[in-house]
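Take a look at these structures.
Presented sequentially are two complexes of subunit A, the first with subunit B as partner and the second with subunit C.
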Partner chain A sequence: MGITAYGYAMSATTIHDLTGPQATATRRPARTQPPSTPRSSSAARRQVAREVALRVGAVVALVAIWWAVSAWGKPDPTLRPSPLLVWHTFLDLANPAGAGYNGLTLWGHLATSLRRIGIGASAGVGAGLVLGLLMGTIRPIGIVLAPLLNFVRALPPLAYFSLVVVWFGIDEKPKLMLLAIAALPPVAIVTADAVSSAPKALVEAARSLGAGRLGTIRDVVIPSALPQVLVGVRLSVAIAYSSVVAAETVNGLPGIGGMVRDAQNYNNTAVVLVGIFAIGFSGLLIDGAIALATRRTSRWRSLT
Partner chain B sequence: MPRSPRPRALALALVGLVATAGLVGCTAAGATQAGGSAAGGGSRPKVVIAYQKFPSGDLVVKHEGLLEKALPGYSIEWKAFDSGASINTAFIAKAVDIGAIGSSPVARGLSAPLNIPYSVAFVLDVAGRNEALVARKATGITSIAQLKGKRVATPFASTSHYSLLAALRGAGLSDSDVKLVDLQPQAIVAAWQRGDIDAAYVWLPSLDTLRATGTELTSSAELAKAGYPTLDLGVVSNALINAHPDVVDAWRKAEAQGVNTIKSQPAQAAAAIGAELGISADDASKQLAQGIFLTPAEQASTTWLGSEAAPGGVGKNLQQGAVFLADQKKIDAAPDLATFTKAVYTKGFADVTGS
Partner chain C sequence: MSPAAESSSTQPAIAVTAVRRSFGRGATAVPALGPIDLTIAKGEFAVIVGASGCGKSTLLRLIAGFDTASEGTVLLAGEAPVPGRHSGIVFQQPRLLPWRTVGGNIDLALSYAGVPQRDWPATRDALLERVGLVGLATRHTWELSGGQQQRVAIARALAVPAPVLLLDEPFAALDALTREVLQEDLRAVSAESGRTAVLVTHSVDEAVFLGSRIVVLSARPGQIVLDLPVDLPRTGVEPAEIRASSEFARIRGELAVELRRSAATPGAA
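Now for the complex of A and B:
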C-alpha cells in the first residue's frame, strides 16, 4: 500500500474498478469521452467509416487540385511537377536496387536523418527533463534559467547553425548539437511548469504522512507532472524534427534534409517534393507513436 | 477584485493593430512584387540585377553606379547571391532580369529540364588563377592523384565543382575515389581551419585564405589549357531583351566600361572592388591580377561571343560543359550546340561597347 497521486491509500479498489465496463454503466461517462459517441458498436463502426471516408476524400481532392494546377497551360516540371512525376521520382529513389540519390536510396537518407534526430532529440529531451525538474523544484534555478531558455527557444536554428559549425566542425557533432539545442527548451519549460504546479494539497499530504523530499518528488510530483511532461516531449520531438533540414544545411548528405538542399541546388523540384513528403509522413508517424504512448500512460488522468 | 478596464475596447484595439500590421505588410510586399521585373512594367520600371561577390567588372559597375547614371528612367536593384545555382532559381522564379553566373550553372540552366529563358550577353571573366584546387599543407599532399580517399570540399553545382571533377578526371580519378563534400566558400574556410577537410576547390576571396596554409595543386587556368575552361558570364532574361533592349544595351555598355577600368585604371577598379568585397584595395589588386578579363574587342571575336553572323566559342564552351554534366549524371542529356549558340545574345554588341 503506497502513496499514490490520489493522496489516499488505495486498498482493494483498483484502477480497473474505477474505469472498467461496470463502472461506466453506473457512473457518469468519463470526461475524455466525446458526448456524441453512440453506445452500439455498429453505429460506432459507421462513424469510423465516415471519418475515414472524409479523410481519404480530402486527400483525393487535394491530389486532384495538384494535378489540375500542374497540367494548366504549359507543363513545367521545375515550376509545377505533376503528381505522376513526383510518384515516379519517389519510386526511383525508393527502389532498393536503384541508384537512389547520390548513391543512397530514399530509405537510406531517411534512416540517417532519423538516427540523427533520435540521438539529438533524446539528448535534448533528457537534458531538458533533468533541467526542468531542477527548475521546478528549486525555485532560484527556475528564476534564473527560465528567461534564458525562452530566449534560446525563440531562436531559429538556421540563425545559430553557422556558429555551431564553426565550433564543432562539419560532421555529425554540429547536427546532433543543433537538434539537441532545438529540443531542450520546450521540454524544460513545460517540465518546470508541470513540476512546480503539482497540487500543493497532495504534496503536503505526502509530507504529513512521512515522505521525505525525494520521496515526495518521486511519488507525488513526478506522477502528477507526467501527462504534461509527455506533451512537452511530444512538442520537443516535433520541433527537433522540423529542424532536420536546418541541421543538414552543411554537409547534409547522406540525410533527407541534405537531399532536399542538394536537389534545390539543381532545381530538381520533384526530388525536393519527395523529400518534403518523406519528412512530413515520417514526422506524422513519429508524432502518432508518441501520442499513443502519452495516452497509455495518462489513462488515469481523467480521474483526478 | 477590480474589473479590468473596458475589455471590449482592448480587444478591438488589438484586432485593429494586427489588421493594420497585416495590411502594411501586404502592401509593402505587394509594392515590391508589382515592381517585379522591368519586363512586367510599372511607374518607374524596375531592373533587378543578381550579382555575386567575386572580383570582376560587375562590382565596378555596381560601386560606381554606372547603370543608374545610364538609365535614369529605371529603378535599378542589385541583389547579392551566394551561388550561380541560387541565381538560376531566381531566374526560374522570374525574380531577376540580369545575373552574373558561372558557365557551369549556365550550361545547366540552358539544358533540360530547366530550360531557363535567358541569354549570355557578356563575358565577365575567364577563370584563371582565381579558382584553384588547394590542399592543406599539414596533409602533405602535393599532387591530385594523392587526393584518393581524402576529403575534398567544393560548392556543388558551381564552376569550381565542374573544374574539380575535370581535374580529378585528368589525374585518372573518378568522383567516387575521393570524399566530396558540398560546402559554401565561408564554410570551406571554417572547415579548413578546423582540419575537417584535406583539400578544397574554391574561388577568391576565400581561396586566398586557404592558400596561406595550403599547397596549390592546380588552377582553372591550367584546366582551361587542358580543354576545360570555365567562365563567369553576364546573362539577361529573354523577357528583358524583348521588352527593353535599351536596358540590355546600356548594361553591356556599363560592363564594357567596368572591364576597361580594370584594364586601364587598375587602381580605381581595385578601390571599387575592395569596397564592395570589404577588403583592402591592395588585396583587391592582387585578386584582380589572378583573373583573365577580356576587353570588349576580344569578346566580340569568334573565340568568345562572336557575332550573329559568326557565332563564337562561348556556345561551344557551354555545350562542352553540358556534355560533361551529362557524363557526371548531373543532367539527363546535353542539348545540341544550336541550343547554346541561340542563347548567346550579340546583337549590336560592337556598336554598344565601341569595340
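Now for the complex of A and C:
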C-alpha cells in the first residue's frame, strides 16, 4: 500500500504559517528590539561614563605618582625620568622633520618592527592553522605534535634566540623566524582542540545531507572552530608582539625593540620608556582590532 | 545500466535482514536490538513505535548508515546505506548550522546534491514554500522558533535527492500545538513527494496519524511484536476528519494496548 496510490497532490497551501504563542516565546530577543527601556539605557550610559571616569582618573593618578617620584630629591633622568622629559623625548622622536633615534623617527622604528611582526606572525599563524587542522582531524599527528608544541610554547623566545642566530645569522631571517616560532604554538594548539571538538550532531547533519569528509571539514568543522581559532590567533599575535624586543636583541636597529635595547646601553631611559609605550599602545590597537573581528565572526555563538 | 539499477524497480526500498545490534564487547556486550527482519516497500510511510530505550532510534541509525549492525544486513535499494546518498534524515533537534542563514542551510544540501548554483534560489524557495516558510531564506536560524527551525530541517532533508526520508522523533521537542500542525504538514509533504519514509516515535497518535504501516518494537532488545497496516486515506481528507474517524480510534486503541504490553516484555534473547 503506497502513499502515492491516491494520486492526489495536496497543495502547499495546506501548510500553515506557524505564529502561535510558542513561536514568539522561544524566539530570542532580536537585534532590532531595544534591549532595554529608555530609562535603564540612560542608567547604562551613566554606568559607562562612571567607568571611563574611573579609568582616566587612575591614569592621571599614576602619572601624578610618577611625577612625584621623579621630582623627589635630586633629579635623576636615568633612574627616574620625569613624565615631562619622556613626553618631550616622544615629541622629538615622533617629529617627522626631527633627527629621530639613530637616524630614524619613532614611526620608522615602529613600522620596521610592525613589518617584522606582520611577516613573522603571519607565517607562524599560517603554519599553526595548517598544523592545528591536521592535528585535529588526523589523530596520530595530534598525538605526536601536541607535546612538542607545548614544549616550544613553554620556552621564552630568548631561550631559542641564540639557536636561531647560530642557524640564520643576524639579519632579518632570525628575527622573522623567532617571531614565527613564538606565534605558531598557541594557534596550533587552540585550532587542534577546536577542530577535534566540532559538534558531532552538526557533523552528522552535514553527512545526512551528503557531505563527504572534505565537505564536512569545510562546511562544519572549520566554521564551528572559527571563533575559537580567532582567539588562538589573537593569543599568537600577542605573543609575537611581546617577543619583538627579544627578536631585536642582536642587530635590532632599525626597530622599536632594537631602539629600546640600544637606548638602554646608553642609559637613555626616556627613550626606553617611549619605546615601551609605543610597543604597548600599538599592541593594544592591534589586539582590539582582532578582538573586534572575533566578535563579528562568532555572533552566532552567543545567540545559539 | 548496471544490473543493480535494473533490478531496483523490484527491490524493496529498505531491507533489514536478521539484524542485531549490541553495544560493548564479549561477555559484557548488551544486546540493544534484534533480531529484526523488516522490509519496507517504495512509497510506504512506516512508523516505528516502542517504549524509550527499546532500540528504535538505533534501528533508524542503522537504516541511515550512521551505525553498522553487529549481525545481519541493512540494504537500501540493494546497497549498504550511506547517509545523504540513500536517505535524507530529520533529527529530533533541528541541527541547523547556526553560522548559515535559513537559505544557506538548504543551499548546502543542494550543493552536495550537485544542483548547479544558478538553480539554488528557485529550488530553495520552492522547498521553503513546501514547508510553509515563504520569505524566510535570509533569516538567521536563531531568529526562528523551534517549530520553524524543524520545518527548515525538513526542507533541508527534502533537498537531498534520495528516495528515502528518515525521521527520528522529529517533533518530540515541540509543544503539542506545533507538533500537531507539523504532523499535518509532514503528512501532506510526504504524500506529495511520494518518498518512502520511516519515522520513529513513542507517540501513538503520531504513529496512527502519519503511518501507512506501524511497526511496534518490544522492550530492549527491540524485536518486532506487531506489524500493522493503516488504511486511512493519505490525501484529499482534512486532518481533523482523520483524527475524528472511527478507524483512527480503532487502530489507536489496538496500538495503545499492544504498546503497553510490549513495553513490559523484553525481546527473547
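As a working rule, the second predicted complex is superposed on the first by the 262 of 304 C-alpha atoms of A that agree within 3 Å, B and C clash if a C-alpha of one lies under 4 Å from a C-alpha of the other, contacts with A are read in each partner's own complex, and residues count from 1 in each chain.
Operating definition for what follows: contacts are C-beta pairs under 8 Å (C-beta built on N, C-alpha and C of every residue); 3 or more make two chains touch, one makes a residue touch a chain.
Worth saying up front: this structure is predicted, and the values here are computed from it rather than measured.
Colleague: Once the shared chain is lined up, is A:L214 touching subunit B (first), subunit C (second), both, or neither of them?
Modeller: In the superposed model, A:L214 contacts neither subunit B nor subunit C.
Colleague: Would you check which partner chain A:L253 touches, where first means subunit B only, second means subunit C only, and both and neither mean what they say?
Modeller: first
Colleague: Who touches more of subunit A, subunit B or subunit C?
Modeller: Larger number of subunit A residues touched: C.
Colleague: Taking the superposition as given, does A:D171 touch the first partner, subunit B, the second, subunit C, both, or neither?
Modeller: Only subunit B is touched by A:D171; subunit C is not.
Colleague: Of the two partner chains, subunit B (first) and subunit C (second), which one does A:A97 touch, if any: first, second, both, or neither?
Modeller: neither
Colleague: Touch test for A:A154: subunit B only (first), subunit C only (second), both, or neither?
Modeller: In the superposition, A:A154 touches no partner, neither subunit B nor subunit C.
Colleague: Mind pulling up the subunit A residues that touch subunit B in the complex?
Modeller: Checking each residue of subunit A against subunit B gives 77-79, 103, 162, 165-166, 169-171, 250-253, 262, 264-267.
Colleague: State the interface residues of subunit B toward subunit A in the complex, per the touch definition above.
Modeller: That would be residues 83, 85, 88-89, 92, 108, 113-114, 156-157, 176, 181-184, 186-187, 190-191, 194, 196-197, 330 of subunit B.
Colleague: For a test of understanding, state which residues of subunit C touch subunit A in their complex under the given definition.
Modeller: Within the complex, subunit C touches subunit A at residues 41-45, 64, 66, 83-85, 87-89, 91, 93, 95-100, 108-109, 112-113, 129-132, 140-148, 151, 156-157, 159-160, 174-175, 177-178, 181-182, 184-185, 188-192, 194, 212-213, 229, 231, 233-236.
Colleague: Can you tell me which positions in subunit A touch subunit C when the two form their complex?
Modeller: For subunit A paired with subunit C, touching residues are 1-6, 8-10, 12, 14-18, 20, 22-28, 30, 201-202, 204-211, 215, 219-220, 223-224, 226, 300-301, 303-304.
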